[in-house]
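Please see the structure below; I have some questions.
We call the chains A, B, C and D, going by the order they appear; numbering starts again at 1 in every chain.
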Amino acid sequence: MSSTPTIRRIALSTGGGDAPGLNAVIRAATIAARARGWDVVGIRDGFNGLMFPERYIDGGLIRLDRTTVRGITHTGGTIIGTTNRGNPMRFPVPQADGSYRDEDRTDELIARFRMHDIDALVTIGGDGSLTLADHLHRKGLWVVGVPKTIDNDLDKTEATFGFDTAVAFATECIDRLNSTAASHGRIMVVEVMGRYAGWIALNAGVASAADVVLIPEIPYDINKVAQKIRERQSAGRLFSIVVVAEGAKPVDGNVTVRGKSVGQAERLGGIGEKVAHELEEITGKETRVVVLGHLLRGGSPTAFDRLVGLRFGAAAIRALEEGQRGVMVSLTPPTVSYVPLEAACSRMKTVPIDSDTMLTARDMGMSFGD
Amino acid sequence: MSSTPTIRRIALSTGGGDAPGLNAVIRAATIAARARGWDVVGIRDGFNGLMFPERYIDGGLIRLDRTTVRGITHTGGTIIGTTNRGNPMRFPVPQADGSYRDEDRTDELIARFRMHDIDALVTIGGDGSLTLADHLHRKGLWVVGVPKTIDNDLDKTEATFGFDTAVAFATECIDRLNSTAASHGRIMVVEVMGRYAGWIALNAGVASAADVVLIPEIPYDINKVAQKIRERQSAGRLFSIVVVAEGAKPVDGNVTVRGKSVGQAERLGGIGEKVAHELEEITGKETRVVVLGHLLRGGSPTAFDRLVGLRFGAAAIRALEEGQRGVMVSLTPPTVSYVPLEAACSRMKTVPIDSDTMLTARDMGMSFGD
Amino acid sequence: MSSTPTIRRIALSTGGGDAPGLNAVIRAATIAARARGWDVVGIRDGFNGLMFPERYIDGGLIRLDRTTVRGITHTGGTIIGTTNRGNPMRFPVPQADGSYRDEDRTDELIARFRMHDIDALVTIGGDGSLTLADHLHRKGLWVVGVPKTIDNDLDKTEATFGFDTAVAFATECIDRLNSTAASHGRIMVVEVMGRYAGWIALNAGVASAADVVLIPEIPYDINKVAQKIRERQSAGRLFSIVVVAEGAKPVDGNVTVRGKSVGQAERLGGIGEKVAHELEEITGKETRVVVLGHLLRGGSPTAFDRLVGLRFGAAAIRALEEGQRGVMVSLTPPTVSYVPLEAACSRMKTVPIDSDTMLTARDMGMSFGD
Amino acid sequence: MSSTPTIRRIALSTGGGDAPGLNAVIRAATIAARARGWDVVGIRDGFNGLMFPERYIDGGLIRLDRTTVRGITHTGGTIIGTTNRGNPMRFPVPQADGSYRDEDRTDELIARFRMHDIDALVTIGGDGSLTLADHLHRKGLWVVGVPKTIDNDLDKTEATFGFDTAVAFATECIDRLNSTAASHGRIMVVEVMGRYAGWIALNAGVASAADVVLIPEIPYDINKVAQKIRERQSAGRLFSIVVVAEGAKPVDGNVTVRGKSVGQAERLGGIGEKVAHELEEITGKETRVVVLGHLLRGGSPTAFDRLVGLRFGAAAIRALEEGQRGVMVSLTPPTVSYVPLEAACSRMKTVPIDSDTMLTARDMGMSFGD
């Protein structure tokens, strides 16, 4: 550790969709860094603040100190902004013929870190951001990553911030829909986030005692879903709650909504609307759809997510202090540890179909449409 | 009052969409009636339980007592069920030629009350249910009405249960969307209930400091909405929140979504999607839509709505005890009073465009698109 | 109105205990005033910022503008601070003999308003603050008052901000205690605010279906309370919830706790502990006390309270613009109006013992210990 | 496993203080057991329903089926009741001389299981209940345990239900107190549960950015706490939040409140009041105490706790099906596993003073009074 270079200034960045708890990470990292005498700057909107300073009145970098991060632990969003666009590894550059070609602008990005005397980067993001972080690390930038995924689909960490808040709010929403569905004897279809993994749908579905849960991991047969609803009807249960992850897929593999292909289907309300439409046709029961979407991203983080965010932020600074490079902070209960960035991005964490939560759901009589 | 007939049994019914607080009315009316020694039955699903007993295992009537209504004050929905269909004043009867003709089946309904020895009816519902209640009253049934509208558009009562819960949850949802909109520099369009009156949109919009609120009372010009968003942009506020009541209308009067007419538009996500699509085109800013819809109907009522529900339920029973007929319970702060049912249904309560809440909103810089 | 002097600068102050919604008033008043081109300053900690500028690094006055008040609508507390101490009408001044004598320092206070070129004052406070406001008005200061009382005991306004939040949170807490009381078959005594009026206890008690509610307006007989608990026990209801306003009094008039006088009793947990102790002795049942106290003051205001706060803040500025002096903003549903400050402070609003809420409570079987 | 006896009937019991999530365990265990064709009975109030059937109208055993457990996942408390009294291992039996002697009545208890043809027991409880469960197991009863501790102090399970709800609500309460403390420039002392372990105080304290956290694991020096408050004051932070676990202890080891010994101190409000009183004396600042106590036990469980409860309930039934005996269900993320009951009760899980959460807290500048 004698060779660890002295740190004088670090940068923080957040990439991809926002998740409740981001500000907790920023606050803890900022305060812990300044307690060590380091300067901290926040890069606005992913790396845009560094790449395109001319777009920002403040030059794209925000000075972070104890005052700047006061009272933000319980707030949603990220005070330094984020973006889903402009990955410096695949930057769209206009060509002579009017077309665009993706170029790797990471050398330029690293040069700008040097230009601003930034010794190290703590970057908070999902799969894409962490892959980029590993790329920057291999090119020589001192990087520590913090995992962020509202869908809980990142491997190598038991959990991260945002997911608990999303499950909690989805559960509350399904509770609300339950009473109105019951009063009207309706089918209520609730679409939640989860493009590649069904964690939110499964956990919120089980916690709210939903009747059907459709997840990407288990292709569903709409007739089996309808069958479950009919069985409930026969038992005098006139309403049903169907929770659908946005990435759920029918067994036949074609996602169409009202005869249109998948791209249009998404514009028309996505898989939730498709499922609702088909169930109404098959069962003849009044059916309604609610798409929770962005409601699950925003909002004040739960105490659990605040705590994970704060622990991750402080752990990232300790990692830098210890001279660790190219690692990601990871929750390995009961403690926080570190894993190489390359390992973190190697595969996606999906719902094991024989997990004890799945066994619980099946024991409760929940249908997965299979 | 000496001529007031003795009551031995009363019925409760709930009609139209459910609203948080219905169960509080049912609980209070049941306990207050039984405290007077009266029997209480709940009619299932509007009047269906009485008209179509053969559809129900329990015969369509539920005996209500202290045990049945235990612990329901804070629950959403209605324990006796409700429906938007089957108004006995306009009952669709199949004709010889295969078509349907609406017939008035209220005589039959009244006969069934007599058949079950039901001396009086407490009916909880909106405009349609109260008009029916007045009709039944004129035909000789002893009726007391309790106003129910989640949209707050019933005249002759300062407020009723359900609206406060809807505004509270809409406000919470807009708060959540605010942080994610700010983090991404997006426009977020939030569609809330309010077909004919903009109360929910206005109150939740003001309470959550939204930037634009579009309500049925004020036809909007989408270019003026876009102008407001551009002004914010110029002032460094890169995101905007636009709250849209489902009944909002553009000044030119045509509601089309992606070139389709209004009927289709509703199927495609309604006015919220239209506004979002147009704003994205005009401003070039990333825009997202969230439709709160049924989320605002369900859920545990706020303490305010529980209290209004309980007060209304008990007041309805006192009205019967006093021999009042053909009246609706009404909130006239600080007390509850009674108005004739016919007066209650005569006109709809819309947002006065010069109310102090509107003046407040304008002073805060909120745009109504006018 | 031709004689209305031009306003260039106004001050805001908040006095007494904080209440959820104060920041909404501050935000609306600030934005509405600046929309008229007026400067706005906030006086720190009641009038201390003006009287004792030397105590403050910033000189005791905070410049308020659109940026300062951003994002505060939904926050608890008051960004300019408040205090229960240092009323300038009864200022304790040390005398030659070492004793203190209360002096009226309001002339000095008014002189300081002039010194800072403050043309008018919007003061937000309870009974004490509004009496002071009237005093300042009579001495020539241009004053508009905004009523604040978490206990809902101010006359001449149907409601004010803070009370709805307090009732909502008290109701939530009683709901929580209900499940644990039921599981253990215990008596749970919950003490809530309400020194002179029982509004919070009554409304939260009815909304949460409490069994007993003790309020200052109705002296209670502990044996009748115990009797109610025994009756429940006989009916198989092994637990009971007793809500006690802090100002509740036994019929015999002496409030003692464990043989100590009332002053000590307050230190020892107050009336809640006394009631719990006596009930445990009389009934032999396990009894627990929870004192909600300050929990009811803090926290994010409900949508209702945010809206009332914003409407009051904007209405206060309109009053100044119209040249009104010595008035208090008042909620007279559905609108906001103005009443003379002197009328506002003339009497306290207590619970009418024959109000429809009281009749509802009695019909539900609730005991008031009388 | 061929020797596993056939199960026809099982019993469920809950012991000790209630915790949010108990009903989720009961629901999952009931439905999973009935799905296997087993009868399920709930024993009322720990083992009292079995030991003292004469005390209960229903004979002390409740038949549990799908209908009985409908809609209870999100409710607080336990539908079969619980108790802190009457451990059959140390049953107080009156002696000839009028004194009481503790006797082991477990043989009688086991005989009663046989009498009611109960083949196996799923018992949900804390340290005491699990020790008893192990004792019953050793005497031949077929037992599976489910860990319950709101304080999170049970070893051999990463977490259990109830704790997350308690931390979430404590965090919300501290948030509320934060705004009122700031407005008045006060010290606010918040006492939370945690007799032997400081998990709730630590986690809620960190999540809510408290200034001082006092836990049983770290004896505190009140002068160091006061010092922290003075440092904040010097930095212009006029208020402080002090979170105190009920089991916190001063370095000198004597817990006295106002000159009384510890037993009396508990009656007088406990350690929270002591700390508040001393801080007010030392710092001269206005100080208030709030004791959260029973508020943390009740209430609807968080989605996390519902899920853990359901998973535990189903896992207990799977354990029985697999023929496991004398084991406790344990959360070992990401799965549920089983540990011998004797191992589970061998030691208490306290906060490791060098855990990453502690490091985070110290990095944030939090004081532990050491």
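Side notes on the structure shown:
Quick note on the criterion: a contact is a pair of C-beta atoms (placed from the backbone, for glycine too) under 8 Å apart; a residue touches a chain by one contact, two chains touch by 3 or more.
A quick note: this is a predicted structure, and the numbers were derived from the prediction, not measured.
Contacts with subunit B and subunit D are shared by A, C. Counted by residue number, the contact pairs of C-D are over half the same as those of A-B, the matching pair from A-D, A-B or B-C.
Subunit C has its Cα centroid 42 Å from the Cα centroid of subunit A. Subunit A and subunit B have Cα centroids lying 35 Å from one another. Taking each chain's centre as the mean of its C-alpha atoms, subunit B lies 32 Å from subunit C. Listed for subunit B are residues 172, 175, each touching two or more other chains.
By the contact rule set out at the top, the touching chain pairs are A-B, A-D, B-C, C-D.
Residue ranges on subunit A touching subunit B, taken from their complex, read 14, 17-18, 22, 45, 57, 75-78, 81-84, 169, 172-173, 175-185, 188, 236, 268-269, 288, 290-291, 293-295, 297-299.
Of all residues in subunit B, those touching subunit C in their complex are 28, 31-32, 35, 71, 73-74, 158-159, 164, 167-168, 170-172, 175, 203-204, 206-209, 302-304, 306-307, 310-311, 313-315, 317-318, 333-336, 355-357, 359-360, 363-365.
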